Structures are given as C-alpha cells and as structure tokens.
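Below is one structure, written out as structure tokens; comments come after it.
Chain IDs A, B, C and D follow the sequence of writing; residue 1 opens each chain.
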C-alpha cells in the first residue's frame, strides 16, 4: 500500500532508506508566498543530525538539503516542493550477519514477512534516517505556522526514570543540551545515567513532550478527524514510540469527574479554562488553550549485549550487534515530534477554512 | 472538512446526532459474499445500548438496526451497506440552559468556536450516541475477520484505581458484568466504587484494553500507515479517550533495552517471540503475535455537582447539569474499541494483498 | 474497493440499489450555516423523477427525501447530512430471466465477473436510480454555490441527430419540455423522433451540456487535480456517458493554433478572453470565463427487440427484455450532470481557500 | 491543495518545473519483487524526449533518470521509489516579456490568479516537462502490468484532419515515425502538413488513442470509481487534452440502441462480445475485451504569429512568442497517455483484489 504520505491539504510524501543513495520528501499543497530557502530547512535537519555528541551514533552525515522545486525567487509557488538529502557516510561493511538474521526489537522480521525480502543495510526504510524527510517537511510547516501566529515546541520530558523539572523550563537548554531536556540539572543526571547504560552495553527509553500555542479554538473535526486522533497517529508513526498521551493522558483513567473537568472562565472577554487537563482539545477540536502531547519511546533496540534470536533459515542463534547506535532515541526524536505535530496542526488549520459558510462567502466576495 | 469517514478500502462513514431523527453508517468496500443479516449487527449494538443496568443512563433506546442496501439474498453484494438506527427516546425537555452555556469537559464551546452554532440537544454530534454507526460497521468487520481467522476482544481493564486481574481472565464476564471486566471480583469492587461516586454526584475514569489474535505477520506499513499508528488514531477518535498504549506502552520509557527487547524464537517451525512487550507490532507491521492496545478514558464530564463555567454571552455562571448520564464511560465504550480495532485491522489486511508481486501474479493468473 | 465516495472537502457518499429498501447519500464536509430544508432537495429530485411524461418509464416513484441529520433549526451544522429516499414502487415481478442472463449494454456480466453474483433486480447498484443520491447531494452543492455567486445549468444539447439551437436559448424550456432542451422547436422534433424509435422497439442516444458562471479565476489545480480532469471524472461516472468534452472539445484536434487560442483582453479593468474555445479552464485552472462541459450519452441499452446474448450457464440465448424503460437517458440525466458539476466545482472552490499564504494569514488574523 | 498525487494503492507524486533544478516522481505502493533498473525507465523517457526530430523543440535534454530509493539488489522493495531527472538544458535567456504577460492558450494568467505569482520560466509547473515524472512512474506500471499479462499501447490517431488507417496497424511505426502514427503513409502526409503549419508560424492539433489488452473482466467499480471515469480523469489531466472518449465515444449520442449494444457471445467457453462499441467497459467495470480510449489534444498554444493579449499591469499588448516549441503536441504526448493509462489500470487491478470474500480467505489461508 502507499503508506509514505501524510496530510490532506498540506501533504508530505517521504522516501529513502538508511543506506540508499538519498532521502527526501515532496511537500505538496504548501501555500504560495512563503519566503523559503535551504537554511530554513537545514536548521531543523541539524537538530536531528547524528554525530553531534557522545550520546549519538558516531556516523557523521552532513545531511545537506537541496530544494529541487516549488520555490521561485525565494518564495514558495504553491507547487510541490521537492527536498533532497544525499547519503554520504554509508560504511560499506559486511552486512551478511544482519542480512540473514532478525534483530530483536527491529522490523527485520516483519519486513521479510510483508515483502518477502528487505533492504537490510542499516535498517533500510525502517531506519531512524527515514525521519530526514519528515523533519525537512516539518521545517516548512513550522515556518508557515509562525506566520499564522502558532508556535510548536518539543523537548525531552524524561530519560529512564529521570524527569525534567518543568517548573524551571529552560527553552535554550532544549537546543544546547545533549538530551534536549529543558532543564540542565536533569540533563546532567540523565547524561550520567546514559553513559552508565552505554558502558553496560545497554540502552535506555525516554519520554518526549510537545506543546503548541496560538492555535485558535475550533481546529480539528468532531469524529474520526479529531485533532488529537490525528496527532496520535502522527506521533505514533515515529519509530519506537509505543504510547501517546493528550493533556493529562493516562492519569485521567483513575480520576473523578470533579477532579478532571476544566472550568471555563472569562479572561479579557475571551473564553479560557481555569486548568488545562484536557491538553487544549475538547471533543477533538482545539479550545484555544495550549495543546499538549506526550510520547513514550522505547530504548534503542540495538544493544551490544549478546541476544537470542533466529535467522532467515529458521534457526535459533545468538546475535551480537555491531555498528553505530545511539544509547537513547529520544533526544534526536524530539525534533521529529515537533515536525510531525506542526504538519498535523497546519493541515487541520488549512482544512478548517471551509467550516463556515459566512467565512467562505466573505473569502470569495472580497 | 469531511471528517466522518474512516478507512481506505473498507471505509465507513457515520452520521447522526444524539437527538436527531436517526443515526447510521455507510460501509463501503465490504467484500462481496459475506452472509449478513440484521441480527449480526444487533448483537453488537445491544452491547453499547443504554439502560441495561444501574450504571448506565436510564435513557432507553431499542437501537434497532435496519439494513437498507448492499445485502441481497442474505449476502453482501460488494456495494455500500447502509445501516439505519432511528432515535426513539429523545425526551423533548427544555434545553435552554445547556443551549446557552458551555459544559466543562464537553465539546459545547469548541463546536460553537468552529461552526458558529451547534445542535445542543444531548451533545449533538459529539454525543456518545455517535458511536452507534461505528459499532454497526464494526460488527460487519468482526464477522469478516472471523472468516479470515482473526478474533478481536476488548474489555475493561480498570475503573478508577481498581484493576481487573488478567491472570484469571474470564471472557464470559466481559459480556455479563456491568463493568465489562473479565474478572468478577474486580467487577464487584468497581461497581461498589461507582455506586459511591454516583451517590456523591461524581463520575469515574477507566482504562480499556483490546487484543487481536490470528493476524498474520506482515500487516501494516512501515512509515505513516503503521498498523499501531492507525490503531492509535482509531481509538483516540473515540470520545473521552486521552491516551493510547501499544503493548507495554508507557512502561517502555523507563526501561533498559535489555529489558524491553523481545527475543525471537522458533516454535513448530514458525518464528515467534519469547515475550510480547511490543504488543504484536514491530516497525508498524504485525509480527504474528497477539496485538495489544490500551486506552485511557476520562470520567464522564457530565456530573451533577455545581460547576463553574461560562455562557454564550460571555458571562461566568454556576451550572448544575440535569438529565441522564452514566457515571463511567468505559463499560459501554469497550464494544466501540473492539469495533474500531476490527475496522482498522481489516482495512490493513485488505490493503496488504498488493504488497508482493508474486502474490498478485498468482492471484490474477489462477 | 470503496468506490461510492466523491470529493475531498465537500464529500458525498451514495448508497442504494434500484429495488432495495431505499437509496440515499451522506454529505460530509458541508459548511455550517446554510439554510436547508427538504424542499430545497425535493425540487432537484423531482427533475429526475420517472413517470412524468410519455418519454420516461411509467414506474412512479414519489422519491420523497427525508433529512436525517446535519440540519438543526433550519441550518446545516457542519456535521454529516444524511438524506434518505425510500423505494416504494418496486414491482415484485419475476426476475428469473434477467437473473440468469446478461443483458447487452448493461453491467450484469461485469458485476458477476467482479463480485461473483449480483442484485439483479432492476440493475441493482448500476441502475439509473443510483443517481438519486447524487442529485440529493448536488441540490445542496447548488444552493451553497448560489450563495457564493456561482450558477450551474445543464440541458439537453441533442437527441439522435437533432440539435438544440442555442442561439435562441430558452432556460424555461429546460424544465418544462419533455427533452430538457433549451429550444422548444428542437424539443418537438426530438420528441417525434423518440416516439418513432419507441414504436420500433428501439432507443436513442443524446448529448447534454452544462455551463457554470461566476467561478472566479484561480480554481482547480495544475497537475492531476485539474478542474477539467475532475469534471471529466464526475461526468463520466454517470452511467451511459461515453465521452466528455471541455469547451470546444473534440473540435480542437483538427484546428490550427491560430484558430484555437483565445486572446486575452481587458474589460472594465478585468482580464477576459475575446473568445471562449477553452471552456473557461486553462492549464486545469478556471480563467473566470464560463465553464463549459459536454457529455455524450449512449442509447438506453434496454430495448424491446430480441437480442442475442448469453446466460450464466454459458449458453447463447435470445433475449427479449420486458419492463419499464425510458427510450432515451439524457432528459433525466441532465439534472445529474448539473449536480455532479456543482459538487466538483464547490469542492475545488473550498480547497482553493488555502492556495495563498497572504489570504490564510488574513483569514486567521481577523 | 495537494494536487500532484494520483492513484490510491499504486500512487504517484510528481514534482518539478520546466526550468527548475530537476523533475521527478515518488512511486509509493509499488509491490515488492519487480526487477527494475534505470534502463527500464529510460526507455520510456526517451520516447517523450525533445530534440529527436525536426517536429519537436530543438531543446535537447538527456533526461537521464536516477533511481534514488526503493530498489535493492535489482528488485523493488515495496517502499517508495524516488526517481530524479536533472534539468540540464535550460537556456538562461531573458524571460522578462513572458514574465509580465499572459500568453494565449497558456496557464500564465490562471496561475497568477490562483497563486498571486508564478515561476514563469518556460511554463514552470504547467510545462509539458511536468510529464517527465508521469512517464517515469508509468514505465514501472507498464512493467508490472506486463507481468500480470496486461499490455498498454498508445499512438497518434490523427493530426489535423489526417487520420491513421488502423486497418493496416503497424506497431513498429509508432516508435519509429516522427508522428507516432501506426501507419507510415499517414505519417508522411501528417509530416508534410506539420512542416507547412510550422512554415506559416502556426501549430496543429491532433488525436491520440490507447488500447489495453489482457485486463480480466471485473476491474473498476460501479459508481464514482468507474474504470472509465478514472481513465478520463487521468487522460484529461494531461495538459492540452480537451476531450476524452471511451470506445465509440461521441458517436453513441446519435445512435439507436439496436446499433449500439454489443451482443454477448460464447467463445471457447468464455463470455465475449460480438462487437466492442463499449470499449471494454460496461457500467464502469472491465468486460474482458480490449479497453479503448481516445483523447483530443489542442494545437500547441505557443505560435510565432503576433497575438493579442494583456500584461500583468492590465494593458492590452501585442505578443510575439520566441523560443523552442513543437508545432504539435500529440506525438510526444502519446507515451504520456500510455503511462497514465497504465497507472490507472494497475491501481484498479490492485484495488480489485479485495472485491470478494472467498478470494480474500483463499489469499490468507494459503
């Protein structure tokens, strides 16, 4: 099935494998008139780039993006924007072992079951490198949203058991720490924990969070295209994510109604909520408050301990993975979450323009 | 936007409001040749029917389904199946207060913000009654899946803090207890807890779970159309769900890789996993193991305590909700989760038929 | 496959068979705030109703439409509008012969080939009655378009070789003549021709045309979603249509460029064209001029002469069709063409609202 | 809107402008296991390449295609296939005049009306070069179809008034003549006619035709997704096409039913038709016979005669177009028609696999 496209009006189609010639994305439906150059996109790609710290894989990719279409004289034209990133650092080593066996926690077996064979080099299409296209597209969505007064921000909420203290939220720390935590103390503790896990040939899970401000009330649809349902799909489609929460998320299942409802209040003539347990979405539609999503990410499945598994010939074997792998996925996935959130919210806002007849008539009569 | 359609090949379109004339669904893309009559569907609708116990709203609806098209001589024809359920028990009481104010935890405000006004009677399109169409369609999906060797089963995992003990899983209890728990002891405790909450004019949240057996390895797609991503969307599109977990879900974020990976093993010549932390999905594609999803549901937002809120005129008011409301959403939502899961898995299985050229050639050359 | 849905933002899903219990449509994505009642829709259904003249089948159906959802206090709410028309005049006669044989020019054989069996009563889903849902939905699209300043008008261009003279275009004649021609002289000639064909147990083909005024320049998309490409699909999806032309259509293939180009001119400060050979669409996008589409419709395949055909057992047989059939399809298909055109143009206009960033910003900043 | 994607299961997304850096396509949903290399695609691209005869623009592009993803060890993997063609021959001449004026018959004005500005170099996205991506994708579809026993063949039917004589159909001539006619005599006459038109600074329209053999009965859907409706959209989405006919097309509108119906017959135990006026499709579904489509293409709008038009400032001007232009579009569009037909038929065949429950059960139970 055609499964590499996301979005209805602002629609992205990603392509590429870990060790293929290149990766990229086609962004179709981008409104005309947005100032855009390669630096706008490069900034986001650099945030997911490997090799920038001791916590990430030593594979070094420049991940330089090239805009191939859809931009003319510095502005988007409304036609598809094709973005290309060449792979340059594929090490041509021996993949024989990985080719013939199924790594625990990876998609090797399921790819073979589905397609009959697979591009086994570095995980192929199920590699984390697949997100290069998502981030390149998301950079455009973020820039568009900014012009519409909307801001998206993701960060690492926790690594292992170590939580960031959000009461001292430090936005700069997200971009400058190794863990992408908005709290430098937690970053230090988490870093130490990660170094220890790595020393023990192990890996660590984590939790990331994303908030969106500036979304007006009324975005999203009441039934299947609920804004939170689409966000859940967007975020769970990021490899290694195993759970998604909106607002207070899992906590609601052990609460009383009187504890969970947010009272509406009037603030400067505007409807607001006294609390935001709902995470900015009621009945699938934004309520004007901050939108909040959380994602739980499993530990990197590639660990250097010997593991039990099977090979393609149906034999049980012991496997020791070699190569380059981050001991934690979250810090580099944070920008992917930000980008997928941006694409989802933007698409919902564009679709929302046709919700009311009076606004349509007004749009066309001017 | 058109937001009432779900699925690509097996595609359902629901319609109807709580207090409108009727509710229903059009099931398009149902394969030809399935034996189907109204009883097949009624069985599922009866599971979500109100008025069956002291824990559900005393509103009594027969919710009798009528098949209007797509079935001929007892079998589906491959053309759209239109299913209709008339509303019969709408009490024509005074909705003036609810019409002009925004109930906390409900979609009243967000509907007004989106559409400019709303059908305020009983929640309109954002009522739980919207799920009538989902369940009617899901009944067909479940019957189709059975013929393909796939079984879907949902139940209440917990209510408030009270968890079902799955080590003594009792499938009969799901259909016969008031809470839809697969554990009669937990059901009794949860029932007592609910009665107490109701006595205190309060409501309670809960958690529901769904497993799917018989899905072969290879179903789902690697990137945006991951099977778990689509399940997350399907389940989070059910009103009041605030979090979705796949397999071990949120627990993975505080684990080590060595604790989280499932080893592959050979069992009777087939690839299996020694454990199933992944919940039957790796890289977005089924691995042949049991698929497991969990959903956290907020407490019923309609509580009978006085709450602070605002009205359409922008004034802060005190609100006391009247009417008929369940003190907990989960027991009646369980069948909705089962149905949405079935629709999602079925659609993925139908789409998967074109994954491999050799199988396509085989299909057409016979 | 799910093939009964049309449109992206304004999306219609039709259902129902000729001799089933009912036919209908779900209109999803209809903007909120349109005044709508059953009479708005009935007016259009009455135009396709059988039994209104000697030229149409004597089957009499009241085709009374019921609005089941999506309208509250006389206005559309933005949620799905479900429309229902009960079948009341199905004659329960013996369908044995038709059940077991394949009528020439009909879809009997192809349905069996696809689905393994079919609802053979009156053509089932491939009957002209399938268009009841299209017309009901199109009535809403037409009313929306009117509020946006757009008018759609279809009529019979020719029957057999007899052409309407458009130089004396008589709009009233479309609704009042038996042939739906905008020329009463041509109507009389065509009627005589039809009576003769009927007397000879034969049927007649025809051509219908549709124009749209008031569409601003800029509607439609440059590549696959060209406005004319979508119109072609919409119109060719009407049963019995075998060709579609835009503007001067087939004539262009024998012209010189100097004969075919339309010069641009300035008229009252607005860009116009000196001629309109293009039919109001250039490069798939409306140019502000009148949009013109033409469709060629085959003769009614049900004729009362003895025909050679085969039965389900693979035997060659002689067939004599009985029952009620129009000797020409076009007059009743005209309103279907009008409705499908309206749905297509409306959808393109709603989608076009997100084409330019400046207008999006303006929309959300107000 | 996102308008550069075509197809549901086999889905292509094209991108690129005439004078941008590159053009390309992402083919998503291609089944795994097809042997594929760049030569398979290059062969098709070479058929639409300019500069190969005196009848085509002297612009010379090698149009070398690069496969960037989705193929591993010589076979498709089931993941997106990204195809890239660099533009190399853009002449960096002065586009000032064309930038500020609207060429008759072109999309200059409609692009400006839609997007506010445009990439004016060589037509930008509305250039014939846009079809590079379609042809590259279609080459893959054709190769897949061959393995499924289906063959697609398009050719020039007529140029100006000069028709190919199909009674002496010469398949080799399609690839070897300048006009892509399957008749060398007609090719010579048409060539002379074209040379004369060119000498008079004019251009010529034409008609192209495509047939498909080997499609089993049962492909396509009964209502909106009729096979012929989708073919019509596919073909009318090719720039400059103004009319599409299926089978006998426009001729049906002046026929009697007794002249137009095709009798069913039995041939070697198989249902066939005595004639094929229907063009292989009945009720939107293939009947097993040869599928036949015809498209009417307008003359190249770029002619070297002085034409009246307007500029962006709203002034009426005289325009004389310079540059490189074919005097006829059809010969190079033939391969585009073949490719769009292939993509449409393939997609319908893949979707058809889920039409019947017995075949689904059979597929999954093996």
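Definition applied: contacts are C-beta pairs under 8 Å (C-beta built on N, C-alpha and C of every residue); 3 or more make two chains touch, one makes a residue touch a chain.
Since this is a predicted model, take the numbers as computed values, not measurements.
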item	value
Per Cα centroids, the chain farthest from chain B	D
Same-residue or different-residue interface between chain B and chain C, half as cut-off	same
Distance from the mean Cα position of chain C to that of chain B, given in whole angstrom	38
Length of the line joining the C-alpha centres of chain C and chain D, rounded to whole Å	26
Junction residues of chain D, two or more chains touched	1, 3-5, 8-10, 14, 29, 32-33, 78-79, 114-116, 125, 216, 222, 351, 354-356, 358
Overall pattern in which the protein chains touch one another (line/ring/star/complete/other)	complete
Chain D-touching residues of chain C, taken from the complex the two chains share	1, 3-6, 8, 14, 102, 104-107, 109-111, 113-116, 125-126, 130, 158, 160-161, 197, 202-207, 216-226, 228-230, 232-234, 236-237, 239, 242-266, 269, 271, 274, 278-279, 281-288, 296-303, 305, 307-310, 314-316, 351-352, 354-356, 358
Sites on chain B touched by chain C in the complex	1-5, 7-11, 13-17, 20-24, 26, 28-29, 32-33, 66-70, 72, 75, 77-82, 84, 114-119, 124-125
Contact set on chain D toward chain B in their complex	8-10, 29, 31-34, 76, 78-79, 144, 147-149, 216, 222, 349-351, 353-361, 363-365
